[in-house]
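Worksheet: one structure, shown below.
Note that the chains are named A, B, C and D in the order they appear, and that numbering of residues resets to 1 at the start of each chain.
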Amino acid sequence: MVKHSLFKIVTAAAIAVGASLPAHAADPIKIGSVLSVTGPAAFLGDPELKTLQLYVEKLNKDGGVLGRQLQLVHYDDGSDASKANGFAKRLIDDDKVDVIVGGTTTGSTMSMVPLVEKAELPFISLAGAVVIVEPVKKWVFKTPHTDRMAAEKVFDDMKKRNLTKVALLSETSGFGASGKKETEAMAAKMGITLVANETYGPKDTDMTPQLTKIKNTAGVQAVFVFGLGQGPALVNKGYKQLGIALPLYHAHGVASEEFIKLSGPAGEGVRLPAAALLVADKLPASDPQKAVATAYRKAYSERYKEDVSTFGGHAYDGLMIAVDAFKRAGSTDKAKVRDAIEATKGYIGTGGKVNMSATDHMGLDQSAFRMLEIKNGDWILVN
Amino acid sequence: MLSQFLQFLFSGITVGATYALAALGFTLIYNASNVINFAQGEFIMLGGMLAFFFMQSGLPLPLAILLAIAIPAVVGMLLEKLAIEPARDAEVVTLIIITIGASLVIRGLIQIWLGKGAHSYPAFSGSEPIHLGGATLLPQSLWVLGVTALVVIALWYFFSRTLAGKAILATSCNRLAAELVGINTQWVLLVSFARSAALGAIGGVLLTPITLTSYDVGIMLGLKGFVAAVVGGLGNGLGAVLGGLLVGIIEAMAAGYISSAYKDAVPFILILFILFFMPRGIFGAQVTERV
Amino acid sequence: MALLEVDNLSKAFGGVTAVQNVSFAVDRGLVYSVIGPNGAGKTTLFNLITGVYTPTEGDIRLDGRSIAGVAPHQLASQGMARTFQNLQICMNMTALENVMVGAHLQLDRNLVKAMLRFPGLARRDRELKDRARELMGFVGLGGYWNRAANSMPYGALKRLEIARALAAKPQILFLDEPAAGLNSKDTAEIDELVRKVADNDVTVVLVEHDMKMVMNISDRILVLDYGKKLTEGTAREVRENPDVIAAYLGSNA
Amino acid sequence: MRVLRRHSALLFLAGLLLLLPLVLPNNFYYDIVIRMAINAIIVLGLNLLIGFAGQISLGHAGFIGIGAYASAIFPTHFGWHPLVAMAAGAAIASAIAAILARPIFRLKGHYLAMATLGLGIIIAIVIKNEAAYTGGPDGMPVAALGLMGFEISGEKQWYWVLAALLLFSFWAARNLIDSPFGRALRALHGSEVASQVMGVDVVRYKVAIFVLSAFFASLMGSVTAHYIGFVTPNIADFFHSIELVTMVVIGGMASIYGSLIGAILLTALPQALSTFEGWETVAFGSILMLCMIFMPRGLVPTLTARFRPNEREDP
């Protein structure tokens, strides 16, 4: 009895998971995606998925790509890298997708990398850390700016203001931990002294102990917070509560309208590097990104009635780079598409101007970051 | 240096009061039914999220708060009626998994309904910090502490001075015996779940201006509440409150003086040590098993 | 030398002294009963001797060796076995397995050998299974081998406990109210079983409420009242002791 | 004949594992079966502890994490052979379990749950924080598992490795249950005092089974790490512990078949639910609750009881 049910369950499970398998000749182009739509990284994965769904729909309405429709096959890894690995296998072996756009976190991305390398499938990651594209992996690309760029941008700005003694407060999430490492390296390179180096947990509700320590550290001239999501907003509040008057910088992980709302008055004067997307309406008309950023912003907020974040923008860029590559390759042949992605030149996206090469699978330079400041509850461009 | 210590202390007490409220919720349900309700954290989340939602929809503050406390209480009763009561005689792990299932359902529904973003609303009496001995304290923290204290007093009065409270204690001791002396134990269980859910929700409502809220804040709060409840000795209300404060203060001190990276580990190391030397928590009763 | 000697044994729980200065000795091969009104400390006395509780004062000697405060699992290896007033059958196992647990100490308990099912271990296990079946037959549970313990009637479980205790090959067996909750027919059968056990060279110490049974089968009887020894003697001596009559009439009748 | 009957379930499982590749269409299905097998082996060990011995552990993922990270760290940072690393991981996990088991198993019920939970979380936090060795929250890659020039790679090879491991574990677990050791274990669950009086050194058995289940959890952590080729702290996470306990309870406590069924179902379920678009969590939670409310003893024991009310599952 037991044994029979065991077999039935296996087959039933197999049928249940394999139900979505059409295989006609007029195939759509399949865009695979594994995103962290739930779990701790959900606030990244959620807008990413929404963006992909929105634009796949839009592209299809406009006649698709290469005369074929696009089909989005997406799975939620629940912010668990091991699940991402499993779903990547499903995309590769079962759904037989033509490209993967996704991998919300660095952990998820890195767990998928060996699979796409082996399957020789183009993969555009939406995660931040430098390790994804350094060293260069043949089939792996990414669209978001790296944490290293963020650290460099912030330190640049600090140096302009003659701030060289900095307290670092980083989150213990993957984003924060990688950011901490890059920031430490960048500080040494740029002649910045980290006089304090504290961390907080992504689910912490009170950062005043760490901030008190920083406040009482001698010689601090500025504070740099490397985190994502709600934590940094709480840092702002604690900062204000303690009455710390030093310049406060955040990383690009909080580049969303939500951050301003959550911080309330405590956010005033805070600076951070971010893509032009957030200040699309404030860009000069001559700015090449203005059109793209405004259009994306409009489309997203009209459809979902919520504010844009730069994370959704990364998904937009990833999808558009893939689509662009399909067009230039003239087919979905994986090797050709890969080559086309690598040959992406001058693509203007929400994240900046992308110039990929055999040695650079991200293709963004420092100009992609703008230094923003919160003023009167809105972003303004510094400089 | 004193001001630094005070600052850590304030931080610890505020966070600790949260844990205390969560731990009290655990204790109330545990006392009535011997169930550890792993969905306790979700009631805290519900309180904050619902208060945000109702304020957003333009309801006046008192009404929004009332609804944000009443709805979780109903959810608590439903949980008891539909999930705990039918499986009452099951083993400890089975009940744990039922409550974990319930927490997933609550969290999932809120996530679908109100989204994944974080939310907040203004503090009840402004956000201008109060200066005290060189350290600062938010007015909202006083709200949290004050209400926690009120709750503790009310509960103490209820359990030691009213018949209904004694009925609940009797039910936890021996359900059958309680029924024999005419206590409606079904009602007792229902009320206990409602009360503990409401308590969690109150915590959520008060905390949100300080800590923000989102669909998934309940997990960590629930876990820390459980730690606090065990530190205090399961089933001991005063122990739960002191346990909560202790865990909060130790966390803040660990973050301030030892290592902010390991501060989350400190409460768990603490609980292991406490249990090794006091197998029933600090304030737990010693019992002799009968053969 | 007596098999079991108890010297001035006392046990206090907080302020309550459940057993106070009790001394007695049990000779080999006897059926020795402990009686007394409810709350007289009979079960506490059992729990003290079998290591479940640690004595507050006094000494217990088995075969001349002191066993006061020795853990129960160590006493088992010295030939002591017992049953419980409130059944302590492992309801998560079959009847036969319950009996086999009784023989725990006679078997190879090595974890790795067990996992890899070493031939020697498996063979001895099979032999034990046969002996356990015999024992179940001996106590009158012939047909119950593969029954789940939680599906067996109360009377059968009482015997199962005895079979399990016997599987340990004890030299002394403590029976805590073996007839409690049984009807007169079952009681008579237990009565017979206890005699049969004693005839097999196992010393039996018995706590029992059923006076008829006690008087019937006991070689010697110890009477406790309020934790103290009231008297000790043969059935006849005890029956005629005025103190005993007073204790029973005064508190129970 | 007796041998055949005794091993009929084992032979059936072997036959099933032998024939399964015939119906597995591609690597993805192999992957699912491999993950099922990995979970099943861990759950078998955990069920010995929770179901048979009646001792809860909410921190077992910590031991899995130790194994996984031993296999990741020792070969990467110290150049150890993966098999040596695997053994070292199992040794470390067993040692931690052995040292802490004595104080931990003086605890009962929810206190025991709390202590094991705390232990698991502490291990997870250490893994997350020691980024210099562990790669921090983003995890680190794991070298391939090789032996004498031969490297296990690809789902098909791993399938056979896991099939063999699963068969062995199934066989060993059944042997253990039906042995003096196993009976003592179940007896102490049924009645701690009775088993003591029968000569069972209760603490020693609890410690032994805790160490054994930690040992297997660590080994399977290593296997998982090598199989996936990448490891993140999620593997040691509290939620992973809960997931495993859920498998034990849904399948059926104190049931060997239940362990298999529980692992299979709860590994397949997220895949099956992945098309639910945001409702996965709600669906998963509801299924857990319904299973436990209507089958509090778990699937296999409930069904067995329905068909053979007076008998126990034959060990």
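Observations on the structure shown:
We take it that a residue touches a chain if its C-beta (ideal position, glycine included) is under 8 Å from a C-beta of that chain, and two chains touch if they have at least 3 such contacts.
For clarity, every value in this text was computed on a predicted model and none was experimentally measured.
Note on interfaces A-B and B-D: more C-beta pairs are in contact across B-D. Located most centrally within the structure is D, per distance between chain CA means and the overall CA mean. Farthest from chain C, judged by the mean position of CA atoms in each chain, is A. Averaged C-alpha coordinates put the centre of chain A at 35 Å from the centre of chain B.
Each chain gets a centre from the mean of its Cα atoms; for chain B and chain C, those two points are 48 Å apart. With each centre defined as the average position of its C-alpha atoms, the distance from chain B to chain D rounds to 32 Å.
For the pair chain A and chain C, the distance between C-alpha centroids works out to 71 Å. In chain D, the positions touching at least two other chains are 129, 193, 278, 280-281. Shared contact sites, meaning residues of chain B that touch two or more other chains, fall at 111, 261, 264, 291. Residue positions 38, 172 of chain A each touch two or more of the other chains. Remark: chain D residues 50, 56, 100, 103-104, 106-111, 113-115, 117-119, 121-122, 125-126, 129, 193, 238, 242, 245-246, 248-250, 253, 278-289, 292-294, 296-297 touch chain B in the complex. Considering their complex, residues 1-3, 5-7, 9-11, 13-14, 16-20, 37-38, 75-76, 78-83, 85-87, 89-90, 92-94, 105-107, 110-111, 113-114, 129, 131, 172-174, 176-178, 181 of chain A touch chain D.
Residues 172-173, 175-176, 178-184, 186-187, 189-191, 193-202, 208, 212, 254, 309-312 of chain D are the ones touching chain C in the complex.
Here chain B touches chain D in the complex through residues 30, 36, 83, 86-87, 89-98, 100-109, 111-112, 223, 226-227, 230, 234, 261-262, 264-265, 268-269, 271-272, 275-276, 279-281, 291, going by the rule given at the top.
Here chain C touches chain D in the complex through residues 50-52, 71-77, 80-82, 84, 88-94, 97-98, 100-102, 104-105, 107-111, 114-117, 121, 125, 146-149, 151, 164, 168, going by the rule given at the top.
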